[in-house]
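Order as written gives the chain letters A, B, C and D; numbering starts at 1 within each chain.
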């Protein structure tokens, strides 16, 4: 079975600094794939490369077997890739529900003339879109915050809206960049359960996360980065015992 | 009854110009609605005004044909303009489009066929006030219908965070270009209507000052709602006439002080009503609620 | 009783005020002037001329029971507000005649409205050769067009100075200066004067060194310039600084005391073809200059022509038998013949353009003097 | 191109450079366009004119006073039109508009006080002598202006590169948040930028008024859009770029006038501006921001 996401010797240089230095790994369908490493290891850069916000300076990224070099972010999204952002990039003036509705963009096949004429099918389609968005928000536990502008939501709530927005695209591959940062333990539990459930439904997840317990609990495979290089890869139990990983995290000579 | 007629006759041109300015303000708003400050509308209005006037004056074409051409030609220009320019962001986009507008104006100044700075005169008056308001109504309907649709949400998303919108699969360039083209159409139509309303067109009517006026209409009215620019255009078009009325009562002579009031009004709106006049009712309600809570 | 007494007192007072008012008839004249915007400087001067003329006429009692009242409004140098002002004058203030607007480009937009409403208009600063009085029979003009002034002036000047090659400089982004250029170009062609080169500038420009340098390099005998005053004095000063000692010829835009004030000695040898000979010793002119001086104003051509505009309206009212209706005034205009004005003896041509003798002036010893 | 035209170009360029120097400083620090810069330019010129003509001060005394007034106007601008907007999501658009409003207010005030006519400095304000160089004529005043433009550039360069205040301004330009964390008084640094920027704009205005003997409420029109062209050409926030681009634009304009005619001059400037934004948004002289100034 071919990998849903494949990185082959990917490089990204920022003004002489190798943020990603020949990283290679694969994410298979239905897999929750953890991507961990110390600060500055290049995790977020990889997410940006996969979602097309950055272009690699070397190597290749394939999504569903197709090389994505030079593809604009919206084209990559159309391949079934959705993401969240480490520093939360919601549309602040929009309500939670409207944020999620934007996430449904690619799934909506409506006709502009019908809409401009205000024909019933267009209205019905929009009703369905709204209902789906509400259902997604309910799934992340925000059913009573749907009408609130997201800028007024708490940090944890905003992260959940972002996850719902990414899920709204029904992505094949979900890129989550530190989805639990700033959340309380109860919220973290809920997100862990959600990730597991999403994977069970057949979505693949690439998870960048600092919360090691969460990663150990939900991931099938973990890739560990340090200074842009892959230093270990495998199931959680194996990675946790890898001496290179321990050194990287605890410091000391590598 | 007589009073009513007198008032209508006195202010009919103001009424017409409210509509024309509303169209022009909407033409700036279209790109603002997806977060892009493009100041090309005066250039597009010039293209529309001249295209229509040349057709009616020199080629004996009917008014509908002229209006159609005046709407279509700026759209055709907007595509090759927009493709390179819309990659530029923020203030730089504004500057690039100001440059475009100046090039259009200077082109007209140097074009002997259209009499250079003297412009085209004795243009038949074919625009009626109802036509202007029909155009405004159609534009508003279009924008209202976009709201809440797939396309409307995409525009809001681009305005709020362009990069994030792209990762949702939104082809931002297409949307931005579409709004620039729509704005160009509105500006061109407004230009043609104005030319056939005021008997003449000249390049100086389409300079930097004019496009700044359009932007100011949109911002003072408020760009959070699609009808904000119309409210802003109405307010600022009526303001000089109100000042004309009030000036003798407070002893202001026609002249610079009237100009000063405009500046002060604009500054106050920007500082104290950041979302424009249309946000005033909500603001007042909020304040009343705040007061009742503290009391 | 007391109540009745007070009542009768009120009636008497009312009658006392009403009686002279019924004899006096106020005729309103609207003036649409550019008091703000790019043409603000002209509007300000026109306003002074109009106010002076209205006061003098009312004081002189020349119109018997008719009292003139000027209603002055700012058109902000835009056609949009120009139109609004005209409609106000026509429908709200119900003026008997309109003076203005300052700019030709505004006039193209406003005058058709007055024509439709049958309100007479007197243009006092529109000099565009075509299309102003063509708008209709209610549109009259006091200001001579550049076409009426420049060709004659250039001819006179060539007879005196005998130049053969001219360098032309004009403002190409302004209706007034561009129209002036068109006239100059054909006048030079008629006189068989070779144009060595043409250069342009824009109204906001204040630096003309590049244009002047390239013109002067071609060794013309004369510089022919179409410019408004805000550019004119700079052009003259910079040409002199670049070493040009030859004659400079300008049109109506140069006929302004600001030229001498701002260019100083550099203005010596500037020739101005103009509608108004400011150094005329004609009584109407000396009286006008004195009255402006009393107001602390050194008038330019704009102030003078605006002043004459009011004189012409007053004369029309007089010719109509001291009646100040719109059609009375329009009919009166046709009867204005050889009216004594600071511009000279003034009449209207059959096409409703103004007619009086233009002049050629030269700046000499820091003063405008008539070219002998 | 003749020697005289080169002189013309350098002279025009020095005016552009001086105007753009202050313009680009604020642009570089705050990333907003201060469209009232041209109005400050104009007011300073009127202030100097009044000091010379009515108060009888010598121009060498009036110039610094007018520059000081311009700097203070910059502080007013910052306080009224920009500070209240800081932190607002659309601050670069709203800042642009509030500065336009201030420009309208400044212009109306000047119009009310000094009237709409073009005024000039009294004759003999600066003794002027003609010099012959490069086969052309140049007045001492023109040379003074070119010299002052270069001198002010050096002063500004020193101020920004070598002083504590300059370091703070550069830090704010880089990232206001980071600067605040590093203990920089951000408000003070921004206010200082406005003061310096407007003072430079004011100096440009006084010299412009002197050079062309033309002071009027609308005198800023001739430089406001050209100034934009210069700061874009020079690269946003780059002071060296602004000066080089100012001279470059002056020379190009003169070249166009000499070889194509005056009608093409402005069109060529704006078309160039447009192409640079599209093809090389960082500007010709490549310095992308203040830190490389």
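The rule is short, and it goes like this: a contact is a pair of C-beta atoms (placed from the backbone, for glycine too) under 8 Å apart; a residue touches a chain by one contact, two chains touch by 3 or more.
Small disclaimer: the values here were computed from a predicted structure and weren't measured.
Undergrad: Out of curiosity, which chains are bumping into both subunit B and subunit D?
TA: The shared contacts of subunit B and subunit D, listed by label, come to C.
Undergrad: Which chain lies at the heart of the structure, taking centres as C-alpha averages?
TA: Measuring from the global C-alpha mean, the nearest chain centre belongs to B.
Undergrad: How big is the gap, in whole Å, between where the Cα atoms of subunit A centre and where those of subunit C centre?
TA: 73
Undergrad: How far is the middle of subunit C from the middle of subunit D, if each middle is the mean of its Cα atoms, in Å?
TA: Centre separation, subunit C to subunit D: 37 Å.
Undergrad: So what's the Cα centroid distance for subunit A and subunit D, whole Å?
TA: Averaging C-alpha atoms per chain gives centres 48 Å apart.
Undergrad: Got the subunit D residues that touch at least 2 other chains?
TA: 108, 111, 116, 263, 266
Undergrad: Specify, in ascending order, the residues of subunit C that touch 2 or more different other chains.
TA: Residue numbers touching two or more other chains: 36, 38, 40, 44, 172.
Undergrad: Do you know which subunit B residues sit against two or more other chains?
TA: Within subunit B, residues 106, 109-110, 255-256, 259 contact more than one other chain.
Undergrad: Looking at which chains touch which, would you call it a line, ring, star, complete or other?
TA: Per interface graph, the chains form some other shape.
Undergrad: If I apply the definition of touch given earlier, which pairs of chains qualify?
TA: A-B, B-C, B-D, C-D
Undergrad: Enumerate the contact residues on subunit C facing subunit D in the complex.
TA: Listed in rising order, the residues of subunit C that touch subunit D are 36, 38, 40-41, 43-44, 172, 198-202, 204-207, 209-211, 213-214, 217, 229-230, 233-234, 237-238, 241-243, 258, 261-262, 264.
Undergrad: Under the touch definition given earlier, write down the residues of subunit B that touch subunit D in their complex.
TA: It comes out as residues 32, 37, 84-85, 87-88, 90-92, 94-96, 98-100, 102-103, 106-107, 109-110, 208, 212, 215-216, 219, 255-257, 259-260, 262-264, 266-267, 270-271, 274.
Undergrad: Give the list of subunit B residues in touch with subunit C in this complex.
TA: Where subunit B meets subunit C, its residues are 6-7, 9-14, 17, 106, 109-110, 116-119, 121-122, 125, 198-200, 202-205, 240-241, 244, 254-256, 258-259.
Undergrad: State the interface residues of subunit C toward subunit B in the complex, per the touch definition above.
TA: Against subunit B, subunit C makes touches at 33, 35-36, 38, 40, 44, 72-74, 76, 78-81, 83-84, 86-88, 90-92, 104-105, 108-109, 112-113, 128, 130-131, 134-135, 171-175, 177-179.
Undergrad: Which of the residues in subunit D come into contact with subunit C in the complex?
TA: Against subunit C, the touching part of subunit D is residues 2, 4-5, 8-9, 11-12, 15, 108, 111, 115-120, 123, 130, 136-137, 139, 208, 212-214, 216-219, 221-222, 253-254, 257-258, 261-263, 265-266.
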